[in-house]
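Both complexes shown next keep chain A, but they swap its partner, so chain B is in the first and chain C is in the second.
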Partner chain A sequence: MHAEESKVSATSQQKQIVYAKGTAASHGIANCHVCNQLAVSSLSYCPRCKGRLHVRYANSIQQTLAFIVTAMLLYIPANAYPIMTTTLLGDAAPSTIISGVILFIDHGSYFVAFVIFTASILIPIAKMLIILWLCYATSKNTRLSKLELTRLYRATEFIGKWSMIDIFVVAILVALVQVTGLMSIEPGLAARAFAMVVILTMIAAHQFDVRLIWDRQQQS
Partner chain B sequence: MKLDDPVDKIADHSLDNYIACHECDQLIAMPEVLERNQSLICPRCHSKQLTNYANSLDHSIAFSLTALILLVIANSFPFLTFESQGQVRTITLVEASYDLYLEGFYLLAMLVYAFVVFIPVFYLVAVLILLIPIKLKLRPPFAVFIGKTVSLALPWAMTEVFFVGVLVALIKVMELANILFGISFWAYAGFVLFFTAASNVASKRQLWRWIEDAR
Partner chain C sequence: MNDDQADTIARPILETKSRFSVIWLLPFIAFIIGMGMVYHQWQNRGIEIVLVFENAEGLEAKKTKVKFRNVDIGTLKSIRFSEDGANVDAVVEIDHDMQRFLQADSQFWVVRPRIGSSGVSGFGTLLSGAYITVEPGKSPYSAERFVGLETPPISSPTDAGIKLNLLSSGGKSLQEGNPVIYRGFEVGAIETVEFDVESRRVSYGIFIRAPFDSLITTNTHFWNSGGFSVTANSAGLTVDFASLESFISGGVQFDIPEDLELGQAVVESRNFTLYPNKNAITEDRTYEYLEYVILVEDSVGGLEIDAPVEYRGIRIGRVHRPYLGFHQTNLISPDENRIAVVIHVEPKRITQNDDYSKEWFDEQFRGWIKTGLAASLVTANYITGALKVSLDMTNDAVEEIEYFGNYTVIPSAKSGFASILEKTDQLLSKLNNLPLDELAQSTNQAILSANTAMISANDTVLATQSVLESVDATLAEARRSLEGLQTDSPIYQKLENNLDELERTLNMMQPFLQEIRRKPNSLIFSDSPPPDEQPKGKNP
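Right, the complex of A and B next:
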C-alpha cells in the first residue's frame, strides 16, 4: 500500500494526502474549527456556526513558521535592550532579562531567579524550538512517536501564556515603586519586544494544526 | 472513559452521534450515557474531549457571576500599598497598567489591561448573556456570535499568570519596603479561582451543545 502511494505521488508530482482510516477526514467529514460540529467536507460553511469549513487549518505550517520566525527575531532585542531601569537616588541602573536573573542569584533569592529564568528564558526558547520541531515532524519521521509529539504540543499550548509573567512583574513594579526623589522604576524597550514574542508564539501555537502529525504516513 | 474501537463506516445521516477528536481527527462514536464527572478521552491521542460535569449549567452561571462580582470589587478598592521611608503609595488594579501608559508604553499598557481585566470581563459577560436565557428556557440573543467570540477570547485571559506575576514582583520589593495587601488583592485572588472554575466547566463543546439545544 505504501509503495502504491509513493508511486502515485511520484508520477503525478502532486502531494496527495491519504488520511488514516477512522479519521473524520477519511470519511469526507470536516470538524468545524470554531464549534466542533461535524459536517460533510464539501460544504464551504459550517451549518451550525456559519464559520468557514476546512478539513485542516488552511496553510497551517506556513503561518506557524512565519509567526515563529518573527518571534525569534524579536527575541533578540528582547534580550539586548533593558527590560526596566531602576533609578536609586538619581543613579539609573538598566537591567536586561538575563542581568535581572543574575542579580537575584547574587542576592540569594534563588526561587525568584528560578521563576524569572524559567518564564522568560527557558519557556520562550523551548517553545520556539518545539514548534519548529513539530513543523518538521509533520513531514518527516522523527524519533518521537505521534502520541509524544501531540503531548509536546499540548504542553507548549498550555505553557504559552505563562511567559507573560515578566511583563506583569514589570507593570506592577513600575506602578508600585515610585518613592519621589529616592527610587523609581521605568519600563524598558525590551518589555515591548518581549510581549510581542509571547503573543506571537501563542498565535503560532494556535495556528499549528496537530492533526497534520497524525496524517503523516508511517514510513518504516 | 476510553473507547477502543475506531469507527469504520458511518451512516451519512447520523453525524450527530459522532465527534471528531480536535487533536488527531479520530472519529469517536458518542456513548449512550456518560456518567457524572466522567470524561470522554480520545482512544488514539488521549486528549480530553468533554466531561459530563454535574449541574454544569448551574455551576457555570454561579461561577461566572461570582467571578464577575469579585472583579467589580477588585476594581473599586486599593490593590497594594507600598510603604518606604515614610512615603506611602497605594495603587489600584487599573493603575497597574495605567502607569505603563503614562510612561509612553501605550500598546503594552493596553495589552496588560486587556489580558488582566478586559478579556476576562468580556468572556464572563458573554457567557452570562448566553447561559442565563438558556437556564430560563428562553432563546439567547446572538447565541452563535457569542459562541464564536467566547472561544476566541478565552486563550487570551491571563488572570492566573498576572496573579503569579504580582507575587513575584512582591518578593522583589519585599526587602525594600513594607507591603500592605488591599481588599482588591484578595478579591482578585478569589476572582482567579472562580474564573478558572467557570471557564473549565463551560468547555467549548459544552457551550455549543447548549447553544444547539436552545435553538
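Right, the complex of A and C next:
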C-alpha cells in the first residue's frame, strides 16, 4: 500500500504534464468519476467514496482505439454472415443486414428499410469513425472547436445504444416465430458479432476521456 | 551500512510504465479469431461445377439445393446463359467433402413435381421448391461440367443390370419410362428413344435390372406389348394385355420362343429387334433360307412380300419377291408369259435339329421336285384377296429340274384361281342338271299325303279319348273292390291267418329243402349217418 502510493507520486512527478488553463486539472483538482466529488488531484483515492482518482484516464486513447479496432474487425462478419435464417416449410432463407434492407426496399417498406439501415449500418459506422476522429483530434488541431467536439462526443455516446435495436428485433423474432415445422427464425452468427460491435463501441466511447479534448485544444 | 540500508528502504522503485495497454490483446484476439474463421471458410470452400440445363424452371440462385438422397450436398450459386445462349448454365457449389459425387458419369437432374403413367413423383417439391439431385457415377475421373438431365434417369450408372438396344421399324411408338415386362413381371424400363433417320428405325435403349439381366440371351426376342390382342381359337376368344400400364402407354415384353434353346449370355449394348407383336416373332424371325423360284402363269396380284409359303398348311417359308424386276427378266413379253416369284424356304421353321442342314434340305427338295412337288398360288384371305404359296405333291413327276437364272424352279401346279374357276363351272353345270321340276312335283305329293296322315291322326286322337273314358270307369270299379280289402274286413283277416300258416309250413320245410338242395338224391337214397367223431389224443 505504502509502496504503491509512492510509486504513483513518483510517476506523476516524472511526467510533469502541464494542463491547459481553465481546466480543473490545471488547478490541481480532479473530479471523482464515481461520486463526482472534487478532490485534490495529488490524492490517489476519493476522500468520500474511496474510488480511484484520475486526473485523466490512464491510456484512454489507447484503450479506446483498441476497442474500436476490435469493433471494426467484428463489423466484417456482422455484415458478411446472415443475421438470421428464416425457415419457411423447410426452405431456409438466410438474410444478412444488407439483404434485409434491400428486401424491405423491394417490398416498398421504405421506412422500415430506413430504420434498419440507420440503426445497423449508418450509426455503427458513424460512431466508430467519429470516435477514431476524436482520438485523432485530441492530439492535433482541428477546425472544430472544443465545444463542438464535446457535443459530437455526447451525441455519439447517446445514439450508440440505439444500434441495439437490430439485436432486439432479431431476439424478439426468434422468440416469437417458432412454429415448429412450418416456420422458424434462427439467429445467425452476424447477430452475435453485431451485438459485440455495439457493446464494444459503447465501451470505447465510455473509455474515451472527454477531458482530453480540452487539454490539447488549449495547448496550441 | 545503516545509511545504505535506509537508502534502499526509502528509495522508491522506479518503473517505466509500458507504453502499450494490455487492452490491445482484445483486438489481437479478435483478429486471430477472424483469421481463423477466414481460414476455415477457405478450407471448406465448395467445389464449383457447372450444370447445363435446357431451362432453369424452378431453380433459384442461392436457394436451390443440391441433394443426394435428400441430404444437402451443395447449393446453386448462380444461373446464367451458356455461351451460345441455347442452354442455361447453373453454377453449383458442392460442399468440399462431397467430391465423390462429381464423377464424370454422374447424372444431375432437377426434381420437380411430375405426373406420368407410372405415378406422381416429386410431390414434396410443390411446397419446398425444386431441387437438384445427383446420381453418382462410377467413373474414376471427376468432372466440373455436367449436362443435366431433363427427366430423372431410369437407371443410374451404379445400378446393376444390362443396357440393350431394341430396333423397331414398327408403327407403335413407345416412350421413355415404359416398362419392360417378363411374364407379367416388371424387370426394367425404356431409357432412351431415338429415331435414326438414316435407317428409318426407332432405337430404344432399355435397361434390365439385375438379377433379371441374366434372362437375356442371344435367343431372347422382344416384342411390343402395347395395347391388347384378341385371339380367337378353338378354346374361345382371349383378350390379352400385359399390364394396365403397358395397356395405356405401351411396353416391351420379352421371352425366348419355345422352339429355341436358351442361348448364350449377351454383352452390354447388344442390338435386338423389337417385333410389333408376339406372333410376329415366329412369323418374321429371320431364318436361314433356301431360295427357289416359282414361275406363275396367272396374276400375282395379292401376293405380297413375306406372304406365307406353306406345305399343306404348314408354314415353311415366305415370299421374298412377288416378281423379279424387269432388268432381271423380261417381264412383259409374248415369249415369257410366266412371272418369276422368288420364295424363301426356311427349314428351321419346321425343325430345330441342326442335323438337318440347309444343304441337306436343298438336296431333299431337288428329290421332291423330281417326284412331283409343285407350287400354286392360293387365296390366303378371302376378304382381302391376299395370296399365299402352297406346295403339295402331285403326280406330275419331272425328269429334269428347271433353272431360272441361278434359281431352282419349283414347278407350278394348276393355280388356285384356275382350279376354282374349273370347280365353279362344274358346280354350275351340276346345278343345271338337277331335276328341279320332278323335285317340285314329288314335294307336292308329299305334302298331300302328309295332309291325309294328319286327318287319320285326328281320328286316332278321338278313339284314344273313348279308351280313356273306359279306363276311368275301370279304375272306379277297382277302387270299390279294394275297399273290401281293408284291415278290419273279414277277408283281410282270413288272408292274414292263411299267410301265417303258410309261413310256418315253409319254416318247417326249410331243413328238408336244404337237404334236397345239398343232396338231391336224398329223396330216393337215404343218407347214411356220418361216423361219430372220435376225440383225438395219444392212445394209452
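By definition in this document, the second predicted complex is superposed on the first by the 199 of 220 C-alpha atoms of A that agree within 3 Å, B and C clash if a C-alpha of one lies under 4 Å from a C-alpha of the other, contacts with A are read in each partner's own complex, and residues count from 1 in each chain.
In this text, a residue touches a chain if its C-beta (ideal position, glycine included) is under 8 Å from a C-beta of that chain, and two chains touch if they have at least 3 such contacts.
Note that this is a predicted model, so its numbers are computed, not measured.
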Touching partner for A:A93 - first (chain B), second (chain C), both, neither: second
First, second, both or neither for A:A191, with chain B first and chain C second: first
More chain A residues in contact - chain B or chain C: B
Touching partner for A:L74 - first (chain B), second (chain C), both, neither: second
Which superposed partner A:N59 touches (first chain B, second chain C, both, neither): second
Those residues of chain A which chain B touches in one complex and chain C touches in the other: none
For the chain C and chain A complex, residues of the former touching the latter: 12-15, 17, 20-21, 23-24, 26-27, 30-31, 34, 37, 63, 127-129
Residues of chain B defined as touching chain A within the complex: 6-8, 10, 12, 15-16, 18-20, 22-27, 44-47, 80, 82, 84-85, 87, 89, 91, 95-100, 103, 105, 107-109, 111-112, 115-116, 144, 147-148, 151, 155-156, 158, 161-162, 164-166, 168-173, 176-177, 204-205, 208, 211-212
Chain A residues touching chain C - in the complex, by the definition given at the top: 3, 6-7, 10-11, 14, 59, 62-63, 66-67, 69-70, 73-74, 76-77, 89-91, 93
Contact set on chain A toward chain B in their complex: 19, 21-25, 27, 29, 31, 34-40, 48-51, 109, 111-112, 115-116, 146-147, 150, 153-154, 161-162, 164-169, 171-180, 182-183, 186-187, 191-192, 195, 199, 202, 206, 210-211, 213-215
